[in-house]
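Below are two complexes that have chain A in common, paired first with chain B and then with chain C.
Up next, the complex of A and B:
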């Protein structure tokens, strides 16, 4: 993947926004969590994507981390669904999520 | 004939609960507050449990909730999570007239069940302290006290 020209958003931010929207769309995910101090974000170019961190991986893609707020459902299975969705979405956008680290930061007790 | 079925089980571990679930493409970890909430909600589901906590944690809880840093569902519950195990301590107030051992056992069963189902962690122990009994007339605060029957 080539570096975009000056002025275009970094692929890191594009990926972060994509990961954010993909994770939120998974049934059982209520929100993303910005962590202690609200620092768990991907920021750059005046944008801020909450609850997602994308870091360049040595292999060329990105290491993606997420902090989720979920409903009370079986969480390991939910995390697996989120991971699969993120990897698929990233791949179809021509980006590569090398690893997807998921932290269930909180749960809410609300009906589906 | 030698069995040469090539074991292609990429993720053999993980099915039987680890708080940190390692997969090929990253790990899943579950925050302690999540386990705490699950335990609190599970305990509240049990008939005979009036509420969780003791006088001190209730007073503290009232303050933290007003400041919006606390949450009713974590009050009176402490949790220790290791790689694959969770250990729970909770203090409860039980409705007067209920059998305390029965209610305690029901709490323990439900907490273990919910934690294992929801988080995939193995729940090693649930320690319960009954800190008070509730009977009508005790109402020291106008709360929607009893769980809706």
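Up next, the complex of A and C:
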């Protein structure tokens, strides 16, 4: 597993931030949710990425979980779009999102 | 619920500490029967004779009818209510109820949705159906496995159009939401009572 150079954020935190921004850019996603008690975050080095959890996968890479707040759109199709965007963004950054688990935490009835 | 859980944890901690202290006191008392502990007598350390002198009078009033007994009864009822709340906090499930839309066995990761999310989606779609004037919050019941469940929808309609048309319009909007999620819908459409009739009843 990659180790961060001294003072640099860990790859886990970099991946979490990347996943957060990528998911928000997907059409239909409004926000990310921090879950009950605000504990659904990736934290480290004094930083917190809300709504994303990255855990080291047994096979290498990371298991990524997201909690989304989305518009009224078909959920399986939305999940597919988010998953594809996350995997592509992670690969481009030289990181490996092994699995992407999505929980739809809330929906908002607002126009696109 | 979160507040109840925090309260329950706090009371749990305090009760554990109190039980531990009482246990220590009883232990010391038992030791004092075998070994002389000098002045370290637990009943004296806890000032039990003084407590008895102060509380004994109140206990006597409790036994007799009067305002103190009423106050004690109200206190008892409040204690029962607090106890039930604490039990709910301790025994209540901390897990979110999630519908498993995709299980992620093929290694891509799963897709889950909260009960409330499903309810909101169904309600919003029902409200958009032709002829629907109001929708009660749909009730979502998930199977223990979280893989399927059913949703009860109660919509109200005006006098026009006819019930069949409204029912069909609601199904047209709600079924495409429920079917991909593996949920069954139980949709009822009722004629909305006029406001005057509602006020009279």
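As a convention for this text, the second predicted complex is superposed on the first by the 111 of 112 C-alpha atoms of A that agree within 3 Å, B and C clash if a C-alpha of one lies under 4 Å from a C-alpha of the other, contacts with A are read in each partner's own complex, and residues count from 1 in each chain.
Note that in this section a contact is a pair of C-beta atoms (placed from the backbone, for glycine too) under 8 Å apart; a residue touches a chain by one contact, two chains touch by 3 or more.
Note that the coordinates shown come from a computational prediction; the quantities given were computed from them, not determined experimentally.
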Given the alignment on chain A, is it a clash or a fit between chain B and chain C?
clash
Which of chain B and chain C A:76 touches, first, second, both or neither:
both
Under the stated touch criterion, which partner chain does A:27 make contact with: chain B (first), chain C (second), both, or neither?
neither
Just checking: does A:105 make contact with chain B only, chain C only, both, or neither of them? Give me first, second, both or neither.
both
Touching A:36, do we find chain B (first), chain C (second), both, or neither?
second
Would you find which stretch of chain C runs into chain B in the superposed arrangement, from 8-16, 26-34, 80-88 or 116-124?
116-124
What part of chain A is shared between its chain B contacts and its chain C contacts?
63-65, 72, 74-76, 79, 83, 98-107, 109
Going by the contact rule at the top, pick out the chain A residues touching chain B in the complex.
63-65, 70, 72-76, 79-80, 83, 87, 97-107, 109
Residue set of chain A touching chain C in the complex reads 36-37, 63-65, 72, 74-76, 79, 83, 98-107, 109
Residue set of chain C touching chain A in the complex reads 2, 94, 96, 98, 101-102, 104, 107-114, 116-117, 120-121, 124-125, 176-177, 180-181
If you look only at chain B, which of its residues touch chain A in the complex?
14, 17, 21, 23, 25-31, 33-34, 37-38, 41, 73, 117-120
